[in-house]
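Take a look at the structures listed below.
Next, two complexes with chain A in common: one pairs it with chain B, the other with chain C.
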Partner chain A sequence: MTSPHALSVAMLLADARLPSGGHAHSASLEPALLGGMPTGAVPAWLVGRATTVSLVEAGTAVVTARLFAAASEGPLTGASAGASDGAQVADPFDSFGLADVVGAWAARTPAPALRDAARLLGRGYLRLARTLWPDAPAVRALVAHDAVHGPLPRAIVLGAVAAATGLPAADTVRLTVYDDAQTAASALLKLEPLDPVTPARWVLEACAAAEQHVLRVAACTTPEEIPASGSPQTEGWAQAHALLSQRLFRA
Partner chain B sequence: MAERTTTPTRTDRPMLHAGLPAPSATRVTRVAVERPTGFGAPVRVRTSDGLLAARLVARDGARAEVALVAGGAMLLGGDHVVVSVQVDSGCALTLTDVGGTVAYDGDGQACRWDADIRLGPGAGLAWAGLPFVVAGGADVRRTTTARLGAGAGLTLRETVVLGRSGERGGRVLLRTDIADGVGPILVEELAAAGDRPVPGVLGDHPVIDTLTRVHGSLGGSPDGGHDRPGTASGAGETPGLGDATTLHLERGGVLTRWLGAATHLSPLELTPDRGSAGS
Partner chain C sequence: MPDSALDPVSASVSAPLSGEGRAPARALRLGVAGPVGVGKSSLIATICRALGAELRIGVITNDIYTDEDARFLRSAGVLEPERIRAVETGACPHTAIRDDVTANLLATEDLERDFDPLDLVIIESGGDNLTATFSPALVDAQIFVLDVAGGGDVARKGGPGIGRADLLVVNKTDLAPHVGVDVAQMVADASAARENRAVVALSRSDDASVAELRAWVLGVLTSFRAGAHVAQDPGPMAPHFHADEDGGYVHSHDDDGRAHDHAHAH
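For the complex of A and B:
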């Protein structure tokens, strides 16, 4: 069977029409607006996300992809150096540190509302991935892990898809940044009346701001190297939003 | 490391000699609490001074209280404060700051503040830090690294203020890295600049006040704390904390954080809880 180009896979994953559940999320935008952030601050806020929390997600995906790529080249390759001593799960991928990557991501995501949102999105992504790439070892490993331990965050699933489809690390980073910004931008149009073209420019500005970080994040190979850049105000807004009954978006 | 007298002393207020730049060479401020040598004896406390001096305030058979005192004007450009804290198994330490810290305009020279914390199994550390002020023109990298033994408890208060009264403040990178034998518990890097506030990071708030309470896991399954889907995200909010945010970490432990306009408005408790050492 011929394979699609990695760019086609990236476009598919970034497409809002993809049935992965992303439409229920605003990438923290609704929590920010309800928390009092003025609409005029959205461009700077998008740049802030692109250079903080999006890089945590991107680094998590990149390291996940590296772990699976190393595993597919055979056990006990270089990546095993970062493996957990205590991996007990029978699945061979776990000895390469999948639990370590999840743990690194969780330690960098202190807000439970944001961990929950990421796991909901991960579930949707994994449902898609297991249908589109059912035989890919990375996807099968995640399905097995999910069955035992519960939902994996979206960044982990994206990393497995990247490994399964040959998506280059730098493009995995760009995809993560773009998807976050575009999710917020399209949510903005549902929350505030404005010219639909305007947020599109903001998305590209956010992507441009992240560009100086792309190669550094794409070079991450171990869980410890995943960026830890946080956004405390966003975390506060996310927790407050999770308690609201009247909201348009899940997070 | 020089062993200081272990006679409890009261410390004087720090004297700030504005005209005398502190030496820029890195000297480590060490505080080590070790188990008593015999029945009924107090814990042993070893200290050595760097840019911060360590003064023993009190001790008994299980716990000690040590005050950290600025030895001179700090932080100036090029200064590198290193604080190394070690608490042995079963012992507890309360660290207090005597006076807050100001990172001054370094005229283009950055400064650093690094704390390295090692807690043995069942050990406890409560560090009630006073405000760390990043003056306009300062460029600070401040890191806190902690490694917790099984069942060790860590309570940290960190208050960072961008700018003295009437100024917007310089640049600061805050990094917190807390882990135990199982893996990371909290890894966070916050970058802020007083003249370039970023909505979503700190917004316009000059004060970031954080109280972190975490414990080392008591053995068990290596990934026992991971991968559990969160339940009710907002559950467990602590009452009485006003507009502070309470974050329950995946590995257990709580981070309570307040962003605001001035330190005196913070709803966070000034000192760590009663369960800590010292008192």
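For the complex of A and C:
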């Protein structure tokens, strides 16, 4: 069977119609607007995300993909071969370091509300991934991990999908940046009156602002190298938003 | 296709289990859809009141503005508050029950896990329009709700939910004299539009009608547990208009029975 081009996979993952639960999320936009950020600040805010929190997510995905790529030449192959014949799945994660990547991501995402939302998105992504790539060792490994240790954040699942589909690291970074900006842009139209074409331009501006960071983030190989560019105000808004009873979006 | 009983990947997927001859291992998932204000939350409260003593029930609500319906149901005192959960739909309640059911499926799985075993999980759609119906990927059976105050002619107008939901409820029949609606005629119109699929004319203050609703739910549950129930898709949206540079065209999504995907702005 022939495989789709990695670019086709990237386009599928970036499509807002992808049934993985993303439509109920605003990429922190609703929390920001309810927290008092004016609509006029959205373009600058999108650039800010593209060059801070999105790079944390992207770096997490890239390092995860590298782990799986390295493991496919090492111990993980044996573990996943065990899974394919229906025998019990070994837990290879202690040895191959997934827990360290999750820990590095969590340390860079201090707000529990954002970690919860990312894990919810990760579950949706994994549900899709295990249907689309059921035999990929990286996907099987995450399904087994999820069953034992609980949900993984979306960036980790994206990394496994990148490993499963051959998505290049630089494109994984661009996909992460684009998806975040486009999610917020789509949510904006539900939250503020606006010409729908306007935020499309802001999405491209955010992607352009991230471009100078793409190769650096794409080169990350260890958890320590994942960018630690936080956004404390976003974290605060997310925590306040999680307590509201009137909201359109999960986070 | 690997044998799901042996395959750790497939086995952890919560696939729809209803199907001919296969006894399900989880709760019956029952959707409740219908336009805004027809009494969906109230109907769910009625089901909980009628069956709460004999069935273990959980409820998922899909509000437009989050948890209003969940709070209504919790305050109704018909279930433990923890068994009622709200899911956000990103201002798109239609999407959440049809095009992308992920959020509802995850919430349903969580509820089933946290209160295992449950007999029945009721999923309330955010009030949408006459075209919104549940995907069989999310629910095993669905109720479409109308009310007499919406007008006696609505049932006759049809649509996928009115025509092909497992049950159509014509709600608030006690209001009929005040809004000039002939309930018998409305039910007759509905039955005709549904080719005699089940219709219940309901008022929560009319015990006989509540008993009828209760019996219907139990009947579906019995059939589901016996592995005899097959989830039905009420079908795609009604024929509708697409604007394009040539002036637009009307099409139907069930032409020739082909799968037909395209983007809709919602």
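Please note the rule applied: the second predicted complex is superposed on the first by the 233 of 251 C-alpha atoms of A that agree within 3 Å, B and C clash if a C-alpha of one lies under 4 Å from a C-alpha of the other, contacts with A are read in each partner's own complex, and residues count from 1 in each chain.
To be clear about the criterion, a contact is a pair of C-beta atoms (placed from the backbone, for glycine too) under 8 Å apart; a residue touches a chain by one contact, two chains touch by 3 or more.
Treat the numbers as computed from the prediction; the structure is a model and nothing was measured.
Colleague: Looking at the overlay, does A:T176 come into contact with chain B only (first), chain C only (second), both, or neither?
Modeller: A:T176 sits against neither chain B nor chain C.
Colleague: Figure out whether A:G124 sits in contact with chain B (first) or chain C (second), or with both, or with neither.
Modeller: In the superposed model, A:G124 contacts chain C only, not chain B.
Colleague: Determine, under the contact definition given at the top, whether A:A242 touches first (chain B), second (chain C), both, or neither.
Modeller: A:A242 sits against chain B, while chain C stays out of touch.
Colleague: Is A:A228 contacted by the first partner chain B, the second partner chain C, both or neither?
Modeller: Touch partner of A:A228: chain B, not chain C.
Colleague: With the two structures laid over each other on chain A, which partner does A:V143 touch: chain B (first), chain C (second), both, or neither?
Modeller: So A:V143 only meets chain C here.
Colleague: Look at A:A187 in the shared chain and tell me whether it touches chain B only, chain C only, both, or neither; answer first, second, both or neither.
Modeller: So A:A187 only meets chain C here.
Colleague: With both complexes overlaid on chain A, does A:A106 touch chain B (first), chain C (second), both or neither?
Modeller: first
Colleague: For A:H23, is the partner it touches chain B (first), chain C (second), both, or none of the two (neither)?
Modeller: Only chain C; A:H23 stays clear of chain B.
Colleague: Check the contacts made with chain A and report whether chain B or chain C touches more of its residues.
Modeller: After superposing on chain A, more of chain A is contacted by B.
Colleague: Overlap of the chain B and chain C footprints on chain A, residue-wise?
Modeller: Overlap of chain B and chain C footprints on chain A: residues 86, 89.
Colleague: Which residues, counting only chain C, touch chain A once they are in their complex?
Modeller: Interface residues on chain C, with respect to chain A: 2-3, 6-10, 12-13, 64-68, 71, 87-92, 95-96, 99-103, 105-106, 263.
Colleague: Within the complex, which stretch of chain A touches chain B?
Modeller: So the residues of chain A touching chain B come out as 28, 32, 37, 41, 44-45, 47-49, 52, 84-89, 99-100, 102-104, 106-113, 115-116, 119, 145, 149-152, 223, 227-236, 238-240, 242-243.
Colleague: Write out the stretch or stretches of chain B touching chain A in their complex.
Modeller: 175, 177, 179, 182-191, 198-203, 205, 208, 221-223, 225-230, 232-234, 237, 243, 245-251, 255, 257, 259
Colleague: So in the complex, which bits of chain A are touching chain C?
Modeller: 17-26, 83, 86, 89, 120, 123-124, 127-128, 130-131, 134, 139-140, 143-144, 146-147, 187, 190, 244-250
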